[in-house]
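Two complexes are shown next, each including subunit A; its partner changes from subunit B in the first to subunit C in the second.
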Partner chain A sequence: RRQSATPGMPSRQGPVKHPQTPLEKARENLHVSAVPESLPCRENEFQEIYSFVEGKLFDGTGGCMYISGVPGTGKTATVREVVRLLQECSQGGDLPGFTYLEVNAMRLTEPHQLWVQVWKGLTGNKVTADHASSLLEKRFSTPAPRREPTLLLVDELDLLWTRKQDVMYNLFDWPCRPGSKLIVVAIANTMDLPERIMINRVASRLGLTRMTFQPYTHKQLQEIVLSRLLGINAFDPDAVQLVARKVAAVSGDARRALDICRRATEIAETKTMPPSPMKSPMKSPVKRNALVGMLHVDQALKEMFTSPKITAIRSCSLMEKNVLRAVVSEFLRTGLEEAVFVRVLDQYNSLCRFDGVEPSTMSEVMCIVNRLTSQRLILTEHSRNDLNLRLRLNISTDDVNYALQSS
Partner chain B sequence: MEDIIAETHAKRIPCRGRQISFLASILGETFAPFPPSISPFLPCTVPSSNNNYTSYASCDNLGDFTRHVREIAKERGDPRMAIVLERSERLRDCDANILPVLCRLQELTQDVNIVVILCSTLPVDKFRASTGFMEPIAFHFPQYTKDELVRILVTRRVTDYSEEFYTNYVNLVLSVFYHATKSLPELKHLVQLNFKVYCEPIEKGEATDTDIKKLWRNIEPHLKKAMSSVYLREVSSSQFERMQSLVSESTTSGDLPQLQPQMKLTGTTKIELPFYSKFLLISAYLASYNPARTDRRFFMKHHGKQRKTQAMIKAKERSSNQLVGPKPFPLERLMAIFYSIIEDKVSPTANVFSQISTLVTLRLVTQIGGEDQLDAPKYKCAVPLDFIRGIARTVGFDIVRYLYDYA
Partner chain C sequence: MGLKRQEVCDPEMLKEVQKQLRLNLRLWGTTPDAAKMLLSTYSSQAKHLEELMTRTLKLGESNSALILAARGVGKSALVNIILENLASSGTLGEGVVVRLSGLLQTDDRLALKEITCQLRLENATANKVFGSFAENLAFLLESLRSGSKETSKPVIFLLDEFDLFCHHHNQTLLYNLFDVAQSAQAPICVIGLTCRLDVIELLEKRVKSRFSHRQIHLFSEEKFEPQYVNTIKLLLSLPETFLHKSFVKTWNAQIDDLMKADDVLRVTKRLYDTTHDIRALKTLLLLCVSQLNADRPKLTPDMFTAAQPIMRAEAKTNMLQGLSILQLCLIIAMKHLTMIYEGEPFNFEMVFHEYLKFSQRKSTMQSFERPVVFKAFDQLKCLELVRPVDNTRGIQREYQLVQMMITPLQVMDSLNQLPGIPTDVQQWATCSFA
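Our next item is the complex of A and B:
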């Protein structure tokens, strides 16, 4: 007896099916969590990080490395790959053994919890943040020649910022101590993070070992997608190229490219696209259905890249559209980007009279404005200032006009 | 079933038949018949010691609250519950999530049959937050008409006189008060207060209960008096009753004894102030309501001839200082006016200056812009003209002669 309109997900019945068709196999391989054995197009970065950590391990010293890059450039995956190889090497006896710790600052409730996590990772005991800090301080400032080196990976470094910056200071100060044998690899999204938020004594301890992951070019993205689809005949290579070029033009985010490809496989599965006139009639319809073509990818791209606001305006009711029209014409009249509700109401009523629609009451228009506000098409204050409510559009007036005209 | 509920309650609450049947039609489906002892607008969970109200559990947030509601429902075998919130407009000032959660409490508690009734004097338009809001069913209780008020007041009578006689009396009271107030409690109070006076001639044997004209002539001045005194709460009801008894003792009903000044709460605002304070307050008033450029004319002995031009007269008519309210003035101007209007020599001692701050604490003068307390404080006079006239009279100062608007 749920009378709600709250959307929900149906729960899964039975175990997950194993992929059968090429499209299903492709979808599994294209999933973001299916990280491949070797990361294509990041060989140089891989090599650099590997040699940095390897050198520190051989020397038995500590050091910091700062890695930056926009989301979806493979920072975390590359570092994890390096660590995996290092662990293999140390098990093989080529490298001295080391302890590996990974902390994601996004998962910490509070920056000081970093110390707790690190101490727990080192010893398995749980202590308070202050106590962990003093214990770690003692551990890393007293040299112990037989102790294993520690490799600490800190993801989302920018969230460790505190007013006193003591967390960051300690994090970068400990590797500088003699005999600490601590190697810190810090990952963040912004390149100039040390200059922007760190005070000088923290930034200087971070050192100059910096690395930037550039966004993928379209060739690299194509290579990544194709490397995952190796041996599966599911994609038209041109379709992959279209995805790669589109994503590279917008963000260069590999996850985005994979998502679009996966969505395209779903579209290809559910929809039988009209046969494209470009293709030769020689191909059998079965084979064409099995391949993800340009049209599927194009539809997936449209789904993920078009602005939802224009779609929202197009699917508005007549009265909602009229309110938007009234707001735009009020902007045009005053030349300002802000309108008072009373004036919008006047405009709305005259619009209604022009169209031969019966004008609405203030309460009705208020209700519509509130609906549009909750969809974030309009920005307003709380409705308690009713007639003096100030309205702004959350979308440019040109876009509103475009959406209203084309519908 | 709904009809039964509607009927039983329509008898207890007259003139609300439509509203009751509407509420019954909404709530009747989900509610069993209310127990007859409970008024539908005061449900059984009004927290008081009479109905064994005890705290159920402590809850710190809305998540806990909904969980407890579900628990209660489960413990009591899924009852139908209602939460009635009076003056719910104040919920808007609470946390932003409280009102939206209450509006969809049934949905959030999932299987509990619960209804939240929000009572308020504001329209629902003023409740909507900008993040969206589940629209409640809005229902309006209209103002009682004059006939309805008479009917209700007559049914609530406690007297030995006949219904017709009482109806006449209520009609008389309403003819005086209806254009001033339509509030039922207020009118009920006034009807009860004046009934004794109305019946007096009958008890004395001067008139019969059919002699309406005589009774009206007797009561009319009392009602007019009550309008200006009791209705504005200038004298309390008990004082008014005592006064009425004084009137009845005095044989000549023509001259009503004047209200003692100490009996009134407002109106004759008389505050005993020290001599210099009075002059300080007068000069503050003059500084607030006179333009600074006319100070020369009013407060200097040889200020030269002032020619009245047409423009000046027009400007004076356009904006009377009495209408636009007091204007701020600096301390120096206050002191200059003070020294010019006071006759004897006063040295600017600490005493004089402390009296200014005393006036500020008495809220007769307000200080503007608290950032500069010592250097250049600005003040505004906050007393009406009648008050300052009374003060000026006590020190024999003709204030009207010095006011720009009247001089």
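Our next item is the complex of A and C:
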């Protein structure tokens, strides 16, 4: 089918406000979408991918490369940067021209749609998956000396898995054909993906050109954030270091570090910093407010990392707390991590009598249990089992005790 | 005083009052006063949310956030109030709000069609979307990619029951929405509403990485006095804009007095201790308001005491009230079996045996034939007062193992409340060795 409708968003009439204050500018630069021209701390990986693709382009042959790494380590961004540089080079005439295609398997409704996307990228026409497959087969198996090489970036490779693995097989088989001039760069999260899910003939065609993106260390994260803040005096460097160390300890995800910094600028904007213990009459109050300090970052980290369950328990009603207490004491009585509703009900009734409050009826206790389940403080099966309902806690008993005690 | 009394008794007036009160109780936060109250309760969260949306609308910054709170705390109400405020202050401007619900859009296919319709993209005509699922997704993503900060309208996605979207195949929709929010495409703000506290753990790791981890929690920290009482007052009082302006003051003064009565405080405190859910409170108040009539035109404390038993009704003991004497005898027999064998499952034969022991030796009553008793037993099973332990077929129904779904304590409680039970049955119930 030829394309009839042109995809487009409704356009806006009013003007967009541009960032004014240093904090707003910092926030714009810290947004994950504001990818810098060159990625800091990924120079080696950049070099390796660049030389691989460049070599294949010069030779006029095809090949595959597999890139792995946990989310947020700059895999896709690095490859895109390589492609941008290669495109500039080929426009300058230093490199042969090539066609670049990018497919993300998460954006496909099912694996076979890959062919449709690739064919659409090559020719601009929409065809069905089967047809596209045979067209591509024909294209890549017949040598055409004057055809431009194709660079195909496949993101989220693990989702292309099918029972017969025909999608993956074709994807890695075509570059091996003589004259196909297809270079495939595949990206996924797990390092051992080829060994784990691919059958031998697919894994062998993928080849051994592999690369792993390590999670960022705290120094690298710090460098990334600081490089985005060049020329903007908004952040206390120690605060950036705190973010970098926290994030590196948990996941090493650059997106997380940027999000936390962005949240810290928001906190700094709404709240003036509490008076610092150091008496510094030299600093003017305006400048002190503009700077994102340790305290703001600390609050942002708390917001994004701490579990809300303890606060949730504290905000429960009296009877909800009693039910939780009953569950904990039933665990203590039986020594198991699972309690039956009738027994919890007994515990609950005696707890209430000890406290001198009239216990709720069974229907009410059931409502309370359901309410706690909907928040996932308690885990239960379907409440049709009523008296024999088995309850588990979704939070450790120590945490429950702590939450109930201090309130 | 006499004049006011007459005024209250006026049926027209009463009708208006009831109408207004029902309006107050219909949706939390729809009346301006209630909206103000909700905003002040969650002021910091509301501010965070408002700034987030404002930045998307004005600066074209893409964002994502999750609002987490227990049921009935006011998540949707808060979002709606903020959106209304943004619309009235002109900030919303040309922004488009796309509302999705996890209960309606049960898979990505439906969700995509809904988004395409609500965004009025080109492949949607008269609320019908053309093309296959794959084409729709490609078209939507292409559209979003073609947009940019400066040129395209900002979109606010509200995903109600967010946790249900996490169960979609591959979480494709969430991945794509969060991915758009994290890349330089059309400006969007994805806001999820859910009551699950562990919703983040449901996300796949690549989806989780793209989510900005902004979690806005609405924990009700309101005390009984004064916040909860104030909420009640607000729900029961008439607004300034009421039809009969002169009457507003009288009525509201009455409500103030009412909230000082011990009975009212006792009933509402009890509800507050049970749950902080505002919907439960509204049910209670609605039960009170419905008792207003020409004879009783004022809210009185005894309306609250009358409404409380309805709220606190115990489902199973109520069910026992409607049983025949034979069925009660069976329940008592089952109670004995449960107590003697400590909750072990039993079958009809055991119950019948127990019943025979009673009716032949102890009772003066006529004992029933076996088929009649079996019929009574079957009815108890239909009421789910008795439930089979496992659903294996092929076992004769007399020998199927069942369990009683009422505790012995509940049986005794409701037997004591029942009128007209023969004395020997009563005695049999209390003495456990028949």
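Keep this in mind: the second predicted complex is superposed on the first by the 387 of 407 C-alpha atoms of A that agree within 3 Å, B and C clash if a C-alpha of one lies under 4 Å from a C-alpha of the other, contacts with A are read in each partner's own complex, and residues count from 1 in each chain.
Here is the rule we use: contacts are C-beta pairs under 8 Å (C-beta built on N, C-alpha and C of every residue); 3 or more make two chains touch, one makes a residue touch a chain.
Worth saying up front: this structure is predicted, and the values here are computed from it rather than measured.
Chemist: In the overlaid three-chain picture, which partner chain does A:V342 touch, first (subunit B) or second (subunit C), both, or neither?
Modeler: second
Chemist: For A:S374, is the partner it touches subunit B (first), subunit C (second), both, or none of the two (neither)?
Modeler: A:S374 contacts both subunit B and subunit C.
Chemist: Now for A:D386: first (subunit B), second (subunit C), both, or neither, which partner does it touch?
Modeler: Once the two structures are laid over each other on A, A:D386 reaches both partners.
Chemist: By residue count, which of the two partners contacts subunit A more extensively, subunit B or subunit C?
Modeler: C
Chemist: So, does A:R80 touch the first partner subunit B, the second partner subunit C, both, or neither?
Modeler: Neither partner.
Chemist: Would you sort A:G14 into first (subunit B), second (subunit C), both or neither based on which partner it touches?
Modeler: second
Chemist: Mind working out whether A:R177 is in touch with subunit B, subunit C, both or neither, as first, second, both or neither?
Modeler: In the superposed model, A:R177 contacts neither subunit B nor subunit C.
Chemist: Between subunit B (first) and subunit C (second), which, if any, makes contact with A:S363: first, second, both or neither?
Modeler: Both subunit B and subunit C are touched by A:S363.
Chemist: Which subunit A residues are contacted by subunit C in one complex and by subunit B in the other?
Modeler: Touching subunit B and subunit C on subunit A: residues 6, 362-363, 367, 371, 374-375, 386.
Chemist: What part of subunit A is in contact with subunit B in the complex they form?
Modeler: 1-4, 6, 362-363, 366-367, 370-371, 373-375, 379-384, 386
Chemist: Which of the residues in subunit C come into contact with subunit A in the complex?
Modeler: 47-48, 51, 58-62, 68, 70-71, 93-94, 96, 108, 119-123, 133-135, 137-147, 149-155, 170, 172, 175-176, 179, 182-186, 195-198, 205-206, 208-210, 212-215, 217, 219-221, 272-277, 312-316, 403, 405-407, 410
Chemist: Which residues of subunit B touch subunit A in the complex?
Modeler: My answer: residues 92, 104, 106-107, 110-111, 123-133, 135.
Chemist: Under the touch definition given earlier, write down the residues of subunit A that touch subunit C in their complex.
Modeler: Touch residues, subunit A against subunit C: 5-14, 16-19, 24, 27-28, 31-35, 70-72, 106-110, 113, 116-117, 126, 156, 159, 189, 251, 253, 255-256, 259-260, 262-263, 266, 270, 303-304, 307-309, 311-312, 314-320, 342, 345, 357, 360-364, 367-368, 371, 374-377, 386-388, 394.
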